[in-house]
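Below are two complexes that have chain A in common, paired first with chain B and then with chain C.
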Partner chain A sequence: MQASKAIPAPRRRALTSDRIVTLSLHVLAGATLLLLLSFVGYIAYSALIDFQPSLLEFSPTGIGNQLFNTVYLVFLSLIISVPLGIGAGIYMAEYATHGRIQKVLRIAIETLSSLPSIVVGLFGYLVFIIMTNSQWNLFAGALTVSILTLPLIATITEDALRALPASYAKGSYGLGATKWQTISRVLIPAAFPAIITGIILAAGRVFGEAAALMFTAGMSTDINWNSTDITSPTNAFNPFRSGETLSLQIWASRSESLDPHASAMANLSALLLLALVFMFSIGARALSRYLNRKNLGDTK
Partner chain B sequence: MNIESTLRNDRIWRHVIQGAGFCLLLLTIAIGVFLIYRGTGTFTTYGHSISEFLFSTTFKPEDTLNGGGQVGAAIFIIGSLITCGLALLMATPVSIGLAIYMAEITPSMGRRFWQPVIEIFVGIPSIIYGWLGLTILVPFIQRNTSSDSGFSILAASIVLAIMIFPTITSVTMNALNSVPKTYRQGAYGLGATRWEVIYKIVLPVAKHGILAGIILGLARAFGEALAVAMVIGKMKALPTSLLSPTVNLTGAIAADMGGTMEGSEYNFALWSMALLLFIISLFFILLIRYISSKGGASLASK
Partner chain C sequence: MEMSNMALSTNPQSISAVQSMVAAQEAIANAFTVEDLNFFYGSFHALKNINMEIKKNEITALIGPSGCGKSTFLRILNRMNDLEGDITVKGRICLEGEDIYKDIEPIVLRHRVGMVFQQPNPFPQSLYDNVAFGPRLQGITNKTDLDQIVEESLQRASLWNEVKDRLKKSAVSLSGGQQQRLCIARTLATKPEVILMDEPTSALDPISTAKIEELALELKEKYTIVIVTHNMQQAARISDKTAFFLMGDLIEYNKTKVIFSDPHQPKTADYINGRFG
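And now, the complex of A and B:
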């Protein structure tokens, strides 16, 4: 009682507002968490409430084909973007370490990474579809999506290499190793945990991409699972067939919302996409922690 | 292994790595050149003026090679500006509040728990936000307001706000975390409350980083296509209220590009919109660069 009286009025006001702000920030954070939980809950609920086993079939009535296309597209795009991205990252970190080239490249990477995906999709449509005179196909989609993931992989590789202690490279050079030997046998293995995390994050981005794919990978899918001829337009592994992904399937069902089957498919696609994204982001965290621990263990 | 082949290897790999770097550069230049080449077709091939494109609200391009239509894209530009502006107004206070909470009020929980939560928000594909908007928000607006269909600027802004708030939050949190501890200790030592420390010391010092985060969020909102297109209603008319449907730049490209004839006036008009988006995103990058360089300088001088 005595003590609280001793606090002058302005201070008391400051203490009160501190308490009010703290409380409201607690509420805000709680609301955010609630929002996330309700999103996930809503998607899971609406996917499960009209779930039928046929929705999982690898046929036009199920989303199996779309799931396959999504995974296959991610795989194709990583084949393209991982070597190029890692190469560009090494170049930025180890070869073009200063000067104008590095400045220009950095602006190029920033520009690429900030491009709206619809603009990238348009570019892909023009270059990989119209200029090559081809139909919508998975390979064009993979190339287009690679434009989105390249800057991500390059930046992460560069950062990972730069974060290594300078003594790693010095030790290697001291033993008489060439630059490439140093990079390939010392620096890349040491930076590997960070690089693999970056690749997984990039893959997670491809899973959900839709705008860049709608004019490149196409909005239809027709797979004959009995086909063994990879050049056939209905063979699952033919990269030059059109392939609708899960996210494109959701986009396609926006206007067909009157058809309960389409919305059931979209709900299930959304749930699957969400699960894939969660798996990848949690997986990336766990893997990088594991690899880091293993690396530290080795040096001891 | 003999030395000569080792050295040759070294040279070969140097060229390979250099090639990868130049590939990236070439790709960026190619995208820029194609966008400029196709995007200026409206003005060179079909002879429209830039001011018509930017300020006229009559968008009736001909889908033929002869041209002769009108390419005023003002409705699309205004649609983008309004939805992004509203989204920013909604997202910014929430984001800054959350970042303060994560960085200042529960620092250890902030790193271990809240940061992954925000990362999950960032990772949710935009198409899912669009789908949620379409299945929850649009029917909700239709039921509870005077809006006929529920497709509206309001729905689009809310979807965008939910999409960009995690981006702003994580950049802001990094900015707050990079404020040196001694600043806070000094203020606490003088008897300031936590809110006074945040409000009078931490926020002013971190303001450049926060601004960069807000611009990054704005850039993301401008470039988002499908999530907005799903809820904005796609009506080529100027909006009269928050509840009226309209269109935006990205939505128009997404909806119409597939149906236009290659090289037609309509086609080129859409490319001009893509060029405009490209220029806007370039402008945002330069702005962020400028702000961060200023922020770094002011922190160092203190």
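And now, the complex of A and C:
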């Protein structure tokens, strides 16, 4: 017993460094969490200290319309980028699996995903506004931010499909499935929880995007909530009206607004935006769990 | 049959026609007839001049050391090798008289010739959806029909009693042996004529292995089974015929009893006596 207590020097050093690494990782994780919490706390504090109920109104004096625009824009952009992104991911994982096409595609997607959003914004302005001869509108904004979110969804879908065991595809082919049946009935459902992560990240990008929307979705909002005609330029659900989002509104109130409540508005917008992203993330994960359970059956 | 009866009554000299009928019927008693099969992966000659008849309602075991071509041969029978890219198949392989590389679409062939893999590979879906997968591919969507097929298939795979109360649960929650029986049920649900098994018990414990072997013996009454195995006792226990492959050649193909008690080829004797491989 006594002999085993004497640890030889090299082993002692290994033990010491093990303890040091463990401790530092805990400290770093704690510091990051603290930073995040104080950040959220500061935003919440600044928002609540200047809070006025009128700020929540769905009118030009409140930020209700901007809140709606943000949600609506995320919805529109996901409608565009989710099918296209998943389609591109499927293509890269299952069809263009090697050779020149795949190389070119990969370089294109990597480049696309690292483009500065102001460049994408100006591109969107040129193509979706000037060339189509139209006014600033939400649909153009959704198309423009989709350029930013597409590579994200495509890459994550591709990685998720590639990470699946080859035995899934073999089993499916062995039962007489075609390639598309294999992809749509076995591979996509199996990769779905990972794909959801991609969609959450993409949505997060849209929630926070400002530069790409400035010249596409526009900086003005004029909604008549009583309108029932979707083609009217003041109808909330008309995608071809201009619409300022929360993050654009933060930028505008902080930089050029003359409104006396501008700073309070910006602070509240920041808090709302944070809450929105948080809720979306939780909601998407709950949906993913639900679909997974429906698909997989209960795991117990 | 009606045609030949008519021929007989009108023309008594059609004995040769009857003889060819008999020959045709013998051919139909074969599930597979393989003639002069040569198979290449790229330029690698993986199978050389294979001639073999696989009888219906029998278990045919394919044995031989790793890399001898037995699994390659198995995968030719339902054209799973087509998925591997650069392959060349020469010769004729007929399933009940139809050339599987000419007359049958691969996806139809794989309904008729099902496959059970080495590693149990249930889809990450519910038990029910796993078994209903094949029938759904074939266009069966009616709930009552599917329910019936699922129950029947699970019963045939001796899994029904263990899982009937949890069909909606995940297939990956089953034990390895249960998963493999689920994969067999999944194959049975497509109503195949032949079941190919690629070392189906090599990932299982002895009790699960015994269950799968017992199951194979029950299933041969309705299906033709071709099984690749590394386990020679297994081949001896369950198969009717055994084929011994070595370096891409079919060295000997005979009744299992003969192969294991009185092999005609010295190489076969060496292999089953454990002198190599």
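Assume the second predicted complex is superposed on the first by the 238 of 300 C-alpha atoms of A that agree within 3 Å, B and C clash if a C-alpha of one lies under 4 Å from a C-alpha of the other, contacts with A are read in each partner's own complex, and residues count from 1 in each chain.
Convention: a contact is a pair of C-beta atoms (placed from the backbone, for glycine too) under 8 Å apart; a residue touches a chain by one contact, two chains touch by 3 or more.
Since the structure is predicted, the reported quantities are computational estimates derived from the model, not experimental observations.
Once the two complexes are laid over each other on the shared chain, residue contacts for A:Ser232 go to neither chain B nor chain C. After overlaying the two complexes on the shared chain, residue contacts for A:Gln181 are found with chain B and with chain C alike. Of the two partner chains placed by superposition, A:Ser134 touches none, neither chain B nor chain C.
In the superposition on chain A, A:Ser59 makes contact with neither chain B nor chain C. Residue contacts after overlaying the shared chain place A:Arg254 against chain B, while chain C stays out of touching range. Within the superposed three-chain model, A:Glu209 lies in touch with chain B and out of touch with chain C [touch as defined at top].
In the superposition on chain A, the chain among chain B and chain C reaching more residues of chain A is B.
By the touch criterion stated above, A:Val104 is placed in contact with chain B alone, chain C being left untouched. Once the two complexes are overlaid on chain A, the chain A residues touched by chain B in the first and by chain C in the second are 178, 181.
Only residues 11, 14-15, 17-18, 21-22, 24-26, 28-29, 32-33, 35-36, 39, 42-43, 46, 83-88, 90-92, 94-96, 101, 104-105, 107-112, 114-120, 122-123, 125-127, 130, 147, 150-151, 154, 178-181, 183-184, 204, 207-211, 214-215, 247, 250-251, 254, 257, 263, 266, 270, 273-274, 277-278, 280-281, 285 of chain A touch chain B when the two sit together in their complex. Interface residues of chain C facing chain A in the complex, by the touch rule stated above, are 78, 80, 83, 107-111, 114-115, 117, 119, 121-129, 133-134, 136-138, 168-173, 183, 186-187, 190.
Chain A contributes residues 165, 167-168, 170-178, 181, 185-186, 189-190, 295-300 to its touches with chain C in the complex. Those residues of chain B that touch chain A in the complex are listed here as 6-7, 9-10, 13-14, 16-21, 23-25, 27-32, 34-35, 38, 94, 97-98, 100-102, 105, 114, 116-117, 119-121, 123-128, 130-132, 134-136, 162, 191-196, 198, 219, 222-226, 230, 250, 253-254, 257-258, 262, 270-271, 274, 277-278, 281-282, 284-285, 289.
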